[in-house]
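Each of the next two complexes has subunit A plus one more chain, namely subunit B in the first and subunit C in the second.
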Partner chain A sequence: MKSLKSAGLRAALIAAAALLTANAVVQAQEKQPILIGGTLGLTGFLSEGSADYKAVYDRWNDEVNKRGGLLGRPVKLVIYNDESTPAVAQSLYSRLLDQDKVDLLLAPFSTFVGGAVLPIVQSHNKLFFNGGFVSMAMFTNAKGSMIGTYMYQEPDYPRGLFEFIKSLPADKRPKRAAIFTYQSPFPIVVRDGYNGYGGALRFVKEAGIELVVNEQFPANTTDFNALVQKAKGANADMVLHIGQLNDSLQVARTIQQQDYKPAFFCTCGSPVTSIAAWAKLGAAAERAFSGTPAWPTQKHPGLVELSEFFKKERKQDTLPAYAIVAQTILQVIEQAVNGAGTLDQEKLREYIYKSEFKTASGNIRFQENGTPVYSQLLLQFQNGKNEVVFPAKDKTADAILP
Partner chain B sequence: MGAQVLTVIIDGLLLGLIYAGIGLGLSLILGVMGVVNVAHSAFIMLGSYFAYELFRRAGIDPIISAALALPVFFLLGSVVYRTLITRVEFTGPTQGLIAMFGLMVLIENLGVIVWTTDARALTTHYTNTSFAIGPAVVAWVKVLAGGLALALIGAAWVFLHYTLTGRAIRAIGQDRDAAAVLGINVHQLLTILFGLGIACAGVAGVLLGMIYPFSPGGQVFWLAWAFLVVVLGGLGSVANTLVAGLVVGIIQTFAGAFVPFEFVYLILYTLLAVILIVRREGLTSVARRSI
Partner chain C sequence: MLSIFFVRKGGAEDRTLRLFGLVFCVLGLGALILYGAIGTKQGILSLLGTVFLYVTLTQAWNILGGYGGYLNFGTATFFGVGAYTTAVLFHHYGLSPFLTAPIAGVMAALLGVIVGVPTLRLRGAYFAIVTMIITFAVQIVVLNASITQGPMGIFLPPLKLSPLALERLFFFMFLGLAVVVTLLVYAIENSNFGWALVAVREDEDAAEVIGVKTTRIKYIANAVATFIIGIAGGIFAQRIMYLDPTTAFSFDISLNVVLMAVIGGAGTWQGPLIAAPLILVVADMLRVTFTSEVNRVIFSIVVIVIALYLPHGAMGFMTSLRQKYFKWRNPKTGDEVASA
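Now for the complex of A and B:
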C-alpha cells in the first residue's frame, strides 16, 4: 500500500515536472521574437531611397516593441544589404526564408530588385509585404500574395498631373510635350502603360497634347544637355521626366541652365521633389511637379509624427514619399497580425482582404490583386518647399503656372 | 538648325575639356607607371566632396577649391603611393588591379559613412545662370569648369615639358631602367607623379561637382569616361588626352542631338571597342608609348 502511494506520488511529481517544463518551453517559444525579414540597397545606386526605408523600419521596430510587440512577442527586423543588385537580393531572400526562417517578409526597394526575388518568395508560399516597389505585372502574377502600399502603380504615376491639367481652362493647358524616360522596367511602364491602361503616352494623347519628343536614356547617362536641347528646339511647353533621383536632378538643372522655361515640368517617375537634394538645386528646383501617395498636411495616422521624426533625426525638412509608403506597410503588418491574432499566412491573407487599415496613406482597403485603391496628390515645388496643388480638397497652395 | 549646330559644338567642346580633365590623372599614372588606377574615380568623388565641404562650411567658391585641391590631393596621392603602390608596383598586374579596386571600394564606403548615400548638389550664384552666343545658350558653370580643366591640362603639359622634374618623369615613362642608370631618383619622382595624378583627379572632382549632382555611389560612371578618353587618346600623353576629351565631347553632343538619345552611349562604346581592336593593344602595353 505504502509503495503504491509512493509510486503515485512519484508519478504526480513527474507529471507536474513535465507540465512545468512543457509550459516553460511554450513560454520560451512565445517569447521568441517574431522575425520580419527583407533587404534594402543600402549601398549602390538605390542607397539614398533605401536609407529612408531603413530609418522608418528601425523607428517602427523600436516603437512596436515599446507597445509590447506583436502577439505578445518582441519583434526583430532582419534587414540585409542587397547592394542594389538583384542577384545579391535573390540569395539573401533564400537565406531569409531557408536559414533565418523569418515569420514575415518585407519587399526590397525598387522594381528592379523586387522583380528578381518575387519568384523565390512565391515558391515558399509566403505573403510578400511590399512597401518597396510598384509593378502591375508582378502584382497580377502574384495573384494576391503580394500586399502593396504604393497608392498607385506605374501606369498611374502621371495620372495626378493630367487630372490637374484637365481641371485647367483650355488656354492654360500644355500644347506640346516632351518625354524623357530612363531605360529600366519601372519607367518604361510609367511611359507606356500596362495592358492598354494608363501611361504617360496615353495621357498625353487623351489630353490632346502633341508629342514632339519621346526619348529614353541609359542608366549611365552623365550629361543631359542634348536631351534638353531637343525638347527646347521642339518648343515643348511640357516636359515629363520619368526617371530616378540623380538624373532628375541633372535634367532640372540643365533646363534651368539652358534658360528653357516649359510651363509644366514633371518628375513623373520616382517622387524626387520630396528628397532632400531637390531643394539644394536652388532656382532649378522651382515649379517642378511630382506625385505623392500622401502628405503630412492630411494628418493621416502616424504621418505628422513621421514627418517630425525626419526633421529631427534625419535633418530632412521634407518627408520623403518613400518614407510614407514604408510606414504604411508596417502599419498594415501590425494591424493585420494583431487583428488576425496569428502569423499563419493564409489567415493573415484572409484578414487583410476583408479589413480596412488606418495608415499614413489614409484608410486603405486592398483590391484582389493586392494593390490599394488609387489615390494620389500632386505636389509642386514652390519657394523652396513642396505644396499640394491637386486635388482641391487637399491643396495647400495654388499651382504656379506661367 | 544653325542654332542647334552651334549649341552642339560649344557644348561638345566644353564637355570635352571636362572629360579631358577627368582622364588626365589616369593617363599619367597609367602611361608612366603602368598602374591601372581604378580608384581614380573615387578620388574624383572625394574632390567633389572637398569642394562641397569648403562651400558649405566656409562659403569658399568651388573655383578657389579647385586651386586648393591641387596641394591637398597631391599630398594624399603621395601618401597612397608610399603606403600602397610601392607594395604592389612590382607584383603581377592582377594584384595591383585588385589593390586599387580595394582602395576604390574603401574610399566609396568611407564616403557613405561620412556623407551618407544622399545625393548632393553644389549650387553657387552662377550655377543656374547662362549667357547667349548668337542663338546658342551656354551655361556659365560649364564655361568656368571647362576653362579650369584647360588650365589644369596646360599646367600639366608645361610641367612635363619645361621643368627638369617633368622631363625626368617623361624619361622614366620612356625607359625606367635607363632613367635609373642615369641617376634619376625613380622612387621620388614616381611619388611626385602619382601625387600629380591624384591631384588632377581631385581637381576634376571639384569641376564635376560644380556641374553635376554627386553621391559616393555615382563615382564609377566617371571611371568609364576616364578610360574612354585615355584609351582613345593614348596613355600618358597630355596633348592626346586633351584631343581625345574634345573628340568624345563632340561625338557625344552631336550624337545626342541628331540620333535617338538611347544610341549615344552605344556609339561611344562602339568607338572604344573599335579603337581597342584597331590598335590591337590592351592597357598593359601602355609603357610603350611616350609622354
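Now for the complex of A and C:
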C-alpha cells in the first residue's frame, strides 16, 4: 500500500514536472521575437530612398514593441544592406529565409532589386509584403502572394498629371512633349504602359499632345545637357522625366542652367520632389510636378505623426512619399497579424484579401493581384515646399502655370 | 597541411610535401562534396556556390592576366555575354541554360577573339583601359538591343526543385566547374604553353626573340579564358533567374576577379583558391554583422598593403616562408631546394 502510494506520488510529481517543463517551453517560444526581414540599398545609388525606409521601419519597430508587439510577442526587424545590387539582395534573401528563418518578409526598395528577389521568395511560398517597389508584371506573376502598398503601379505613374491637364482649359494645356526615360525596367513600363494599359506615351497621345522628343538614357548618366538641349530645341512645353532620384535632380539642374522654361516639368518616375535633396536645388526645384500616394494634409491614420517624426528626427520638412508607402505596409502587417491572430501565411493571405486596412495611404482594400485600388495626388513644388494641386478635394494650393 | 602552397619542384623532401599537398586537396574536395550532399544550411551552400563561381572566373582570368601578365578588367564583358546567350536562347527558343552553356562559352570566346585581335597588341595600362571600356560598350549594345529585351531584362523560370535542392544543384555545378578549371590551370602552369605565357609576362620582346610565338600564345590564352568565363556566365543566368544588363555586365565582377587574383597571388593556380573564399566569406560576414560598405574599405586597404609589401600576394608570402623554412631545415642546401 505504502509502495503504491509512493509510486503514485512519484508519477504525479513526474507528470507535474513534465507539464511545467512543457509549459515553460511553450512560453519561451511564445516570447521569442517575431522576425520580420528584408533588405534595403543602404549604400549605393538607392541609398537616399532606402534611408527613408529604414527610418520608418526603425520607428515602427520601437512603437509596435511599446504597444506590446504582435500576438503578445516582441517584434524584431532584420534589415540587411543589399548595396543596391540585385545579386547581393538575392543572397541576403536566401539567408533571411533559410538561416534567419524570418516569420514575415518585407520587399527591398526599387523594382531593379525586387525583380531579382521575387523568384526566391516565391520558391519558399512566403507572402511578400511589398512597400518597396511597383511592377504590374511581377504582381501578376506573383498570383496574389505579393501584397503591395504603392497606391499606383508603373502605367499609372503619369496618370495624375494627365488627369490634371484634362481639367485645365484648352489654352493652358501643353502642346509638345519631351520624354526622358532611364533605361531600367520600372521607368520603361512607366513610359510604355503594361499590356496596352496606361503609360506616358499613351497618355500623351490621348491628350492630343505632340511627342517631339522620346529619349532613353543609361544608368550613371551625369550629363543631361544634350537631352535638355534637344527638348528645348524642339520647343517642348512639357518635359516628362521618368527616372530615379539622382538623374531627376540632374535634369532639374540642367533645365535651369539652360534657362529652359517648359510649362510642365514632371518627375513622373520616382516621386522625387518630396525627398530632402529636392528642396536643396533652390530655384531649379520650383514648379516641378510629382505624384504621391497620400499627403499629411489628408490626415490618414499615422500620417501626421509620421510627418512630425520626419521634421523632428530626420530634420526633413517634407514627408517623403517612400516613407508613406513604408508606413502603410507596416500598418497592413500589424493589422493583418493581429486581425488573423496568426503568422500562418495562408491564413494571413485569406485575412488580407477580405479586410480593409486603415493606413497612412487611406483606407485600402487589395485587388486579387495584391495591389490596392488606384489613388494618387499630384504635387507641385512651390516656394520651397510641396503643395497638393490635384485632385480638387485634396488641393492645398492652385498649380502655378505660366 | 598547407604544403601544397609551398611546392613546385625539387627533391625527396619536396616530393613528400607535394604528396601532403595532394592529400590535403583530395580531403578538402571530399569534405566539400560531403557538405554539398548532406549540408542543409542553404545560405552556406549558396555562399559556397558563389565562391566556386569566383574561383572559376579568377582561374580563367589567371591564364592571360596572371601567367601572361595582361591586366584585364573585362571579365564582366564575357561573363555577361555568356549569361545573355543562355538567357536569350531560353527566351526565344525555350532551351535550358544547362544545355546551352557550352554555346555561351563559344559566343564569349568568339567575342574574346574579335576583341583580342586589336587589343592584345596593346600593353600595360592601355590594354587594361581598353578592356574596361569594352565592357561598357557591350553593356550599352545589350541595353539597346531588342533581342535582349533591352533594359527590361529577361526572366528565366525557377527550376521545379525545392530551395535546398536548387542550392545543392548550383553548389555542385560551380564546384565541378571550379575543379576542372583549376586542374586545367595547373596543367597550363606546368606546360610549355604556361612557360611561354610567363615568358610573355616577363619580357615579351625577349620571348619573341627566343622563338615564342607571343601573338598566337596570347590569342589562345584569351580564347580559353573567355570560353570558361562564358560558360560560368551561362550557368549563372539560370541561378539568378533574372538577367538585366546592369547586373550581368557589372564592373564589380571584373574588379572582384582582379582583387582576388592580386590578393591570392596572380600567376599561381593556388592564388584563387585562397583569395576567393577569403574575400567572399569575410564580405558576407561583414555584410550581415556590421555594414557592407566596410567590405570595400577593408579590401582596399588589403590591396594597398599587398601592393606595397606583398607584390606577389598570399602565394608570394607563402613562397617566401617556404624559402625560410628550407633554409632553416637545411642551411647548406636550403637555398637550392627553396628556389627549385
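The definition used in the following text is that the second predicted complex is superposed on the first by the 402 of 402 C-alpha atoms of A that agree within 3 Å, B and C clash if a C-alpha of one lies under 4 Å from a C-alpha of the other, contacts with A are read in each partner's own complex, and residues count from 1 in each chain.
The criterion applied here is as follows: a contact is a pair of C-beta atoms (placed from the backbone, for glycine too) under 8 Å apart; a residue touches a chain by one contact, two chains touch by 3 or more.
Everything numeric in this text was worked out from a predicted model, so none of it was measured.
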- Query: Of the partners subunit B and subunit C, which touch A:Phe366 in the superposed model: first, second, both, neither?
  - Reply: neither
Task = Please work out whether A:Phe164 is in contact with subunit B alone, subunit C alone, both, or neither, and reply first, second, both or neither.
result = neither
**Request:** With the two complexes superposed on chain A, say which partner A:Ala116 touches: subunit B (first), subunit C (second), both, or neither.
**Result:** second
Query raised in the report: A:Gln229 contacts which: subunit B (first), subunit C (second), both, neither?
Result: first
Exercise. Please work out whether A:Pro218 is in contact with subunit B alone, subunit C alone, both, or neither, and reply first, second, both or neither.
Key: both
### Message
According to the stated criteria, A:Ala87 is in contact with first (subunit B), second (subunit C), both, or neither; which is it?
### Response
second
Touch test for A:Thr43: subunit B only (first), subunit C only (second), both, or neither? both
Name the contact category of A:Pro185: first (subunit B only), second (subunit C only), both, or neither. second
Can A:Phe129 be said to touch subunit B (first), subunit C (second), both, or neither? neither
Residues on subunit A touched by both subunit B and subunit C 42-43, 183, 216, 218
In their shared complex, subunit B is touched by residues of subunit A numbered 42-45, 47-48, 50-51, 84, 183, 215-218, 220-223, 225-227, 229-230, 233, 245-246, 249-250, 253-254, 256-260, 275-277, 280-284
In the complex, subunit A touches subunit C at residues 42-43, 80-83, 85-88, 90-92, 94-95, 97-99, 112, 115-116, 118-120, 122-124, 183-185, 187-189, 216, 218-219
In the complex, the residues of subunit C that touch subunit A are 41-44, 46-47, 50, 139-140, 143-144, 150-153, 155, 158, 162-164, 166-167, 240-242, 244-247, 250, 252, 284, 287-288, 291-293
Within their complex, subunit B touches subunit A through residues 3-4, 7-8, 11, 15, 109, 112, 116-121, 123, 127-130, 137, 139, 141-142, 212-213, 215, 217-218, 221-222, 224-225, 252-253, 255-257, 260-262, 264-265
